[in-house]
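In the two complexes that follow, chain A is the common piece, with chain B as its partner first and chain C second.
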Partner chain A sequence: MKITQGTFSFLPDLTDEQITKQIQYCIDNDWAVGIEFTNDPHPRNTYWEMWDLPMFDIRDAAGILYELNACRKVYGDNHYIRLSAFDNTHGWESIKLSFIVNRPKVEDPGFRLVRQEVDGRSIRYTTQAYSTDKPSSERYRD
Partner chain B sequence: MGKPKNKDRYKKGGVMAYKDMGYWQPDYEPKPTDLIAMFRITPQDGVDSIEAAAAVAGESSTATWTICWTDRLTANDKYQAKAYRVDPVPNSPGEFFSYIAYDIDLFEPGSIANLTASIIGNVFGFKPLKALRLEDMYFPVAYVKTFAGPPTGIVVERERLDKFGRPLLGATVKPKLGLSGRSYGRVVYEGLKGGLDFTKDDENINSQPFMHWRERFLYVMEAVNRAQAMSGEIKGHYLNVTAATMEDMYERAEFAKSLGSTIVMIDLVIGYTAIQSMSKWCRDNDMILHLHRAGHSTYTRLRSHGVSFRVICKWMRLAGVDHIHAGTVVGKLEGDPRTTAGYYDILREDFVPMKLENGVFFDQHWASLNKVMPVASGGIHAGQMHQLITLLGEDVVLQFGGGTIGHPSGIEAGATANRVALEAMIFARNEGRDLMAEGPEILKNAAKFCTPLKTALELWKDVTFNYTSTDAPDFVPSSTPS
Partner chain C sequence: MSEIKSFNLQKAFEASGVKEVLDELDRDLIGLLPVKTRIHETASLLLVNKAREELNLSKIQPSLHMSFTGNPGTGKTTVAMRMAKLLYRLGYVRKGHLVLVTRDDLVGQYIGHTAPKTKEILKKAMGGVLFIDEAYYLYRPENERDYGQEVIEILLQVMEDHRDDLVVILAGYADKMDKFFSSNPGFRSRVAHHIDFPDYSDDELFEIAIKMLKEQNYVLGDNAVTILKEYIAKRREQPHFANARSIRNGLDRAILRQANRLFNKGDVELNAKDLSEIDYEDFALSRVLKSKPPTQP
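After this line comes the complex of A and B, so read on.
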């Protein structure tokens, strides 16, 4: 299945040229772009691993793309990678744009919905990623 | 000062002009802690506009129709509201804008019910006036800080939902009435699975013979959780907890929480106190609060009488709701573009400057009070995406009810069409493209890889709602010489 987290997951996978334009938009707005990766796609997994710090001082889209490609080389085959742009102005101080730029090479097995029947007809729902059934080092591999 | 000099007025009793009782003070300079109300006054024929303004000031503060010696037991000057400015309304003979200042001590901290009981409590039926409209209000920071405001706010809502950089996408379940709980949940599931972030109960979905509220909540949450597992995204459904009593509303909200809902919904008709109670409950329970403005047009729509919706927006930001329906401009419901822009600013900005051409009469500091997410709903479709994003920005929920559920290939297809149109348009905007000029082209290109969008664009290409607005601003921006 295709996980549709992030701002542009309903569009076809982005080319490097398209990614560069979106990075430029973030830089023009004075946002810091960060690269994050994970092999745990649970929708409430907030803290993906950081590929170094958010790039507060890199004001050049090509430089950020360079870092992204370095991250892809290491994690691209079996991780999700996203770019998140952080706006530190008062009143926001949070993410302004966040989109997936890399998906694991193997198809995502998706999520299991666990229903625990409780009182009456009430149900407690739990979502589990099939990929996280395996230890981290074995996920998204054939 | 225009204070009454004649002490004898208390001895005589009887009726005296309001303007002579201290309610008209043309030299008054509002204190930094005063609240200010701006009314549009239409006096009866033969009634002086200044006397009418003074009467409104009097009747919304200390006065009654005759003089009471007991005023002299109080620091009456302080408690009197002061009309200090009356201007004729441009291009509207017989109508006047009048500014009235109120001392902050006239109001209980943190209570919309108390505020409104004063400001709109008595005066709207006052005989010497043909009509009266509360156009705008200014709240000093000292007063704003007595309110907790929206329980979640735009930023935290986005963080909780993990959705950034684009409008949120929703749809109201249709038909509004008659579906069983099981059928209702089907609509929710298809819509959310297709790409919506939220689905919504309509204002009049409560607990009727065709669907008990518990049935709805149970099936809806099954649908929400299924759609979450099918997409890997956080999803939600505004469960309407509006009911006859507070006890019923709390019971429904608790049930929504026990099932894992991220959001509950109320209708404006439950009243200001009930709204503040639910806001408090949401703050205590990590819940987003959606407000449907059911009933507002009975008093917001006409320009001469009632309460402007911009005032309702301010009251609701203070009362503390996270979402409020605030107009679409292009859809089927009332909404002048500039007036609507004024509402959106009031809901979303920390400082809102006076902007007469948008109907905003005061600078307003919100002192970091959480922001309210406006909701655009009613008669909008994917083909208008470039207009919607240009007019409304990205911190808004776009709700396509008919535009999702009415899609000929099904609800899921309708939802996907809207989501693709939305993402393609934001993507293009970020690339620096001119949406108003290139919008239709951008949609056409996106439709090449999304058949449901192609179908939607063809089906609804001629649907527009062009009617003259009944609530346009009185001030037109003067064109700058080129």
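After this line comes the complex of A and C, so read on.
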């Protein structure tokens, strides 16, 4: 299944050209762009691993794409990678835009719905990613 | 979409603001005739190349990496800034900023430190121009474990793969740069434009001095013309002479002496002329004028 998290995730995957334009938009707004990756796609997994530090002081999107490609080389085959743009304006101090820029090369197995019977006839629902059934080093591999 | 069939170079020249940058260059910089000529030529070449691109006659992004060679203070950094602006107007870099670095900004202190440091700088420079002053210090043949080698490798890669993302200018002394190029053929083949910066003549330095004073709203007093000329001639004889930079430093000291001189006048009213004129005495006390020319060994 296709994981839909962050902006644009219901659209077809963005091309590098489209990603570049989004990055430039972030830079032009003075947002710091960070690269993050994970192989745990659970929607409540908010804090992904960071690839180096968030980048500010960069004038052109090519600088960030350069780093994204370095991250793809290492993690691209079996991780999700996203870009997050942080606005440090006083009062905002939060992420303004975040979108997926890379998906694992193998189809995501999706989520299992778990029903837990509690307190007589009540049921608690929870989701679990099939991918996380495996240890981290074995996920998203054929 | 209609196909473009013709291209008016003169219109593009004026509309893009390229003319403006070149005019500024000619006006603001004293002397440097060969440099100015080379830059005009480069601008024409690039403009024609754009026209050819528009008419589908050419697809390849020309290599724009350059080397600026010449002694210190001959205007290499100053011209590089203009060059960045020019390339931006011509549409060859997207932002047109200049990132100025030396070996220390690129080379790390320990294993694993160099690559991220160099990449950090490259990322900042993307969309603009990376100016590496005294670039040959990246290469230390006497030390085979020198981390400079790592910088060179990353740099060569980026100069090749990211031609349309950034332009690299290598700067420094001509003879050292020559040696650097001959021991690093990778650079030689990637650097297409070589511009040589000649030393300034005494007259040019004098003109530069007047201009620098004017920029700070100072004027040279009539009684100081001769002594400034003498100062320039003598300063050239001294070790570590750095062309226009030495003149800038000399003027800074003259301005300091003028302030002292005015202050020591005590309780008097000073007018605008008093406050802006650099006089004979402001140079007379200079160490440079007192020194004898160094004897040749």
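Operating definition for what follows: the second predicted complex is superposed on the first by the 140 of 142 C-alpha atoms of A that agree within 3 Å, B and C clash if a C-alpha of one lies under 4 Å from a C-alpha of the other, contacts with A are read in each partner's own complex, and residues count from 1 in each chain.
Basically, a residue touches a chain if its C-beta (ideal position, glycine included) is under 8 Å from a C-beta of that chain, and two chains touch if they have at least 3 such contacts.
From a predicted model like this one, the values you see are computed outputs, not experimental measurements.
Taken together through their common chain A, the two structures put chain B and chain C side by side without a clash.
Looking at the shared chain after the overlay, A:Arg141 reaches neither chain B nor chain C. Of the two partner chains, chain B is the only one that A:Phe8 touches; chain C does not reach it. In the superposition on chain A, contact of A:Ser98 is made with chain B only, not with chain C. Contacts of A:Ile64 after superposition: chain C is touched, whereas chain B is not reached.
In the overlay built on the shared chain, the residue A:Ile123 is in contact with chain B alone; chain C does not reach it. More chain A residues lie in contact with B than with the other chain of the pair chain B and chain C. With the two structures brought together on chain A, the opening angle seen from the C-alpha centre of chain A toward chain B and chain C is 100°, to the nearest 10.
Look at A:Tyr25: by the touch rule set out above, it reaches chain B but stays clear of chain C.
Between chain B and chain C, the shortest distance over C-alpha atoms in the superposed arrangement works out to 16 Å.
Across the interface of their complex, chain A is touched by residues 155, 158-159, 162-166, 195, 218, 221-222, 225-226, 228-234, 258-260, 350, 368, 371, 416, 419-420, 423-424, 426-427, 430-432, 446, 449-450 of chain B. On chain A, the positions that touch chain C within their shared complex are 52, 55, 57-64, 66-67, 70. Within the complex formed with chain B, the residues of chain A that make contact are 1, 3-5, 7-12, 18, 21-22, 25, 41-44, 46, 84-85, 90-99, 108, 110-113, 121-125, 127, 129. On the side of chain C, the complex with chain A involves touching residues 94-95, 97, 116, 119, 122-128, 162, 165-166.
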